[in-house]
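Chain nomenclature is as follows: A, B, C, D, E and F, assigned in order of appearance, with residue numbering initiated at 1 for each chain independently.
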């Protein structure tokens, strides 16, 4: 059996996919997304990282839902997905509009509020 | 016999199934290309490919010339040619994605096949068991989900080619595929609304759809194409668009884009795109058959079960299975022919017309269709 | 000129729905699907070449089998893709056609260049070069695609015209004309 | 020969256009000045007027003057002096400009005359243009299209006349094509002074032929071919070789003697087919010698040197240049230049000699001048060597001094730029004694004996300038690409100079730089050679440019009188301008 | 109106019984007296007399002799030559031959007088090569005259020397053209020279001023020197002074040469009365009044116009018979007096065949120097020959006329006119015969005459 | 078996997620995002939420990531240059990573107390349950989400439409 270091960190010995593992994974994914948002200057990549954070959240929700035997989490994932889709659509539209106006989407270059 | 198969280890079964997919779909797609050439030739009043024949086969008295006239060997010759041709990779491309794109094209094309049921047989307890490689409960969703990934191959191919026309082709492909996915999805919802009556076990399984169309009674035995013609039309049109078939083959329209997204491709990589396109066609046709044409049921109001009784095949699972597969494949083949038929009938749209049709015609129509059927079903099933 | 604007007739519902039109289109193509083939299966069946067809340029001989070309090189001059190359030469005095004085030593037409325009035939003052009915000209090498003089004569054969311009000249020279 | 200070010009009116021409100019030439082309066959500007083709018929008139009162009669309609038009058409070639002459060249009468004459000329013409070498440059063809009626009304049998007559070793006659313009007869009589051609028989049966027992074999016989307006006289050498419309024309010079006759080289795809004279009224009119026309054969000669050789083995240019430079740097070098080299090459030869500190000698070639276009000095460019300063005195026929030096052991190495040392008086033993670097075009004793041989280009394969006997600098342009293995003399010389002057400063600009492209070489030439002043290669007119020859008039040149040249008696400086025609200045 | 009597000036003694061509006989009839008389006068006076006389050249063109002499360049310092044009070869003309044969000394005397008048030291008699007999007679006569010191150095002690040489021509019609004659005399092909610049009066023989006069003209000069210019004008009519010799040939009863005062006799008188009219049973059809190159006249045709008589203009309306035989009247009706060779044709003659004969002559005699005449004459000959040989086409008449129209006025010498005028006039007058000739030829037997062509 | 798959998908997802962050090339980044999403979908499948897995694929894989890729290509920018990390960033990152590690480790002790998945019935695949929940308990949010979607759609249309007049002001 292959043990990923990540999973090994969550428990001792041969690991079973417990809720903890999913939560940790979710947290790590969220952290990675967060790092991305902080570190990257490219609006598009930042946006992708945002999506990554959303997905991390859904992963947690699904895992909780699964381990708790309720539907609530799953239903919320539905909402999240819907909102995410809407967000992406609007966000990308804004980015495109921005690019058209400024010819750049680097956040450090987008430092003027007007024009 | 089936036991033997089911007793095999899971991984071996997976491998076997995978191989089956490849070895069935690949030649089938190839045959489609031949069929396409033949159909186009016949429609245009010419004989079509009828030259190639291996020298050792030319001696066979009747069969040889016949197969030659049918152009069967062109299929092999083409295949061999694609395999052995030099693989050109232009210097200006992004090599990684350039090579990746045709591979990606294959993945959704082949994986969707796994969830398509293609026949049925009666088990010893006279239960109708659908034949599928993976009979999942959410079949249609799986198909939509996985086939929607096909757009990546086009986008990547167009972008990685790093030249003008492929890029335009890729852009067109992505926009078109995303646009028509909406109408397509919406058009099938009435079908599942219908079959998922409040008291029925909720499912998205395609086998269930077929099962529903094999029930006794008028509404049970009817095919959905009669019950929901608008859905069927919208689905069919969207299917054309999703598979990049004429009149929707804007991503590869040679008149204005040379070859579209695959302009820079040649040899085997190019053939992969084509196999993928034909696989999409096959899967699309199969799904249409399942959803609207009663699947493996021979005729409307004549379900496979009744048919089996009529011809006394209930106890012959193997034969009945083959018969049902035959019926199913027959419908698929007719649909494939229809694809080709349309191709040589309807001229290609302009790109703005494609978009207009997708967003301004089909999408409202699908929504209207959905609402109407939702109300209708609600009223009926109350 | 009076311009009469014509209003386009508004489309009917069925036309706007488009599907009936497609259906009728499909009907048409289906009809053709079962119609017999109209094409010619080329290597086995050959088309009937119409008169005036401009095939491979060839050199022809007169009804007595004599060379007509006098290597005036007008064809070489007029040839748009410069496919013709002639090496002129003097006809030896002991030849039967010595009175023609000049004839081609070599006459090459590069069929890789030839565009079958027929200007050579048009310009030929001796009516020695003709674009005849030969239309398929193939070879495996570039050299094979250059038609040399003997090949050109082989392709061209003999044409039954009755000009005999040089015979008349010779007869006049032999007869002479007294003052 | 001295042009009058003020030529008396007369004003004539041609087709309504006034033009002032020198008195005595005929109507054809005057019309040419106003851009009117009067068709003609027998008229040739350098021959007497025969007036027999009747093609140049024009309408002529003089202003009307009352014979009694000598006052002009005015035309009330136009308010100008009335013109008395002569009802009969007049020939343009025989009508000289006189004050007030009025000429009409496009009236119905004139056109009718031209059409009639064209028809007459064509009825007995064999019309065998397809096999006629003149086709393409045939006046009959050209004027038939311009002035002919376009179809034939003649159904009778044409005259039969002798064909393929060998008039001489180089000229073939087809009498059927002859239009009896008599240009060739007049040329032979007036220019070549070899009156061998004439007509026999009468009327339309007139036949051009040689006088009994004579042949057209003088050294100018091919000029009759050039001036023949139709294809009657053809060059035996050029006969049936190539159509003229394929040939590229390049301006060149006859390198046969110091006359420097202007020529046109006709080539196609790198092959020269013929050489014809080019009109230059100051040098050769429109003539050239037959011998000069054959010079192009040297381009494809069998004994042409093919590859650079070092000690008998094939070598590359740079290696050979280094090998030569090694030989030359060893000292005791003599340079043998050539009167056949171009001015540019002589200039570089001089540079090379200066770099080596070597003496320069030239070889003279003196033959019999024919008083027409071959002068006694058979080197085309001895004066170029004088102008560039390569030599200061006229060369001797034999290199006796050099031979003595070789015998004395003073000379170890000779570099010869195009001269055969064996022919110039060095014995085989002397050749064997020394190292020879040879630049030349053809194989000879020197090339055989040479340690390093550079094949170079003939005058047809390179561009350059010659200074002729009148001290007229004339340029010629490359007609065909150089033969395989041969290098431009200028390239070899400049590389040699660079190689031998390595690390040595020998001129104010050090290290010595030179280049072999004419444009930059000419900036250097103009800067360093005073006589060449502000010239450059591009602005030398096609007819050449007279140089100031004052410094060299005292030298005893060997040339006798030729067509446009009278030798100036050697006289002490300051000398007058040499008796030569007025300089034609570039337009 | 009956025909006037012959007025024999040139032929005064010719045909007289017993009149021989030797010097003794000539002297007996007053020979060389005029010469002696003239030597007493100044040359300028003689020229003036000739000018006054209005003598027109008898060679064919009718150019006034005095004017011709006046044009001679006397200032150049070059010798002046006189050439007697005895190259009489116009078909239909045979007057000079008779003068030379029968009265050579008259010619020699006239020549010497003319030479004296123009200060000519050398004169040439250029006699046609086909007249060897005439040449011999002339040579003998000159030898006699020289022996009598009528020719040669210091003639009769007058301190005036003049040599006369007889030059036999090369036997070509074109040698009768004065510049062609000069060329021939110089020993070259008789190619006429271009004028300008080679006017004989300026650049003639050996590029010297040269006078070329016809035999008959010089004989008239002798008469003028005798009687004076004023008296000469009394003979003939104003503008056409002196007598004319008509050489009548063809279909008349009495062909021969007749000398009449110019303009005093009409064509009808000449042919009907003097020559005895047409042959029995025939009628006149056409006549060529001045040698074969003159334009033909058709009997039965009327010529209308105005002419000047004295100061008045009077109408004329002539048939052929009414035309006075002088240069101007003949010129008025579109033909010319020419050399006086009157060729008569009656109704047996087919005009196509006649023209074929004439064309054959001219194409044979064209020198070949300049294009229109060289090619045109042969072409016309070939057309008429072809017609005669039975291959006539309806359009040949138009073609012949078109070809003929392309020649005159465009050649170096007058041969162009000479060879084209017959064709032009034949077709103008007898176009119907040409047009119908294809049919004629089919019905009629080949004419004997065609053998000539 | 499922552990193996979990491990595989977990590592795959994380690696791909890291790829999104660190990739210079935006195309690579979006492709990594796609792969990461597929990994998450696999995890969903492991959690027996098949429906969600495919919806995730459909929405995220089929549309969102494709849109990202589309925009990346349309704007033709290759990710842009990543500015060199400043020291402050490095320090902050280290601290943050440490905090994350602490958080992860803090979860470890509770491992045993959590319910085992085997006991729980698979509910994520049941379409009916979703429908039931959505149209009963969460009806209001569904309406709100629907309204949100409508607003977003309008917003996108407004944003992406070119207004000539507005452009002219500039």
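Quick notes
Simple rule for what comes next: contacts are C-beta pairs under 8 Å (C-beta built on N, C-alpha and C of every residue); 3 or more make two chains touch, one makes a residue touch a chain.
Keep in mind that this is a model prediction, so the values were computed, not measured.
Traced through touching neighbours, the fewest hops from subunit B to subunit E number 3.
Note on connectivity: the fewest steps through touching chains from subunit C to subunit F is 2. The greater number of contacting C-beta pairs, out of the two interfaces D-E and C-D, is seen for D-E. With centres taken as mean CA coordinates, the chain nearest to the overall protein centre is C. Centre-to-centre spacing of subunit A and subunit F amounts to 4 Å, using the average Cα coordinate of each chain.
Annotation: 51 Å between the Cα-based centres of subunit B and subunit C. Separating the centre of subunit A from that of subunit E, both taken as means of CA atoms, is a distance of 131 Å. Between subunit B and subunit F, the centres computed from C-alpha atoms are 30 Å apart. Residues of subunit F found to touch two or more other chains are 55, 63, 67, 74, 129.
With touch defined as above, residues shared between interfaces to two or more other chains in subunit E number as follows: 364.
Residue positions 179 of subunit C are each in touch with at least two other chains.
If touching chains are joined by edges, the resulting network of the protein chains shown is an open path. Interfaces, counted as pairs of touching chains, are A-F, B-C, B-F, C-D, D-E.
For subunit D in complex with subunit C, the touching residues are 126, 129-131, 135, 157-160, 163-164, 201, 205, 239-243, 245-246. Considering their complex, residues 2-4, 6-8, 10-11, 13-14, 17-18, 20-21, 23, 26, 29-30, 33, 36-37, 40, 43-44, 46-49, 52, 55-56, 59-60, 63-64, 67-68, 71-72, 74-75, 77, 79-80, 82-83, 85, 89, 93, 96, 100, 103-105, 107-108, 110-111, 114-117, 120-121, 123-124, 129-130, 132-134, 137-138, 141, 145, 148-149, 151-153, 155-156, 159-160, 170 of subunit F touch subunit A.
In the complex of the two chains, the subunit B residues touching subunit F come out as 97, 136-138, 141-142, 144-146, 148-149, 151-152, 155-156, 158-159, 167, 170-171, 174-175, 178, 181, 196, 201-204.
By the touch criterion given at the top, residues 49-55, 57, 87-89, 91, 94-96, 112-113, 116-117, 119-121, 123-124, 153-154, 156-157, 159, 179-180, 198-199, 201-206 of subunit D touch subunit E in their complex. Residues 70-74, 76-77, 88-90, 93, 100-102, 125-126, 169, 172-173, 175-177, 179 of subunit C touch subunit D in their complex.
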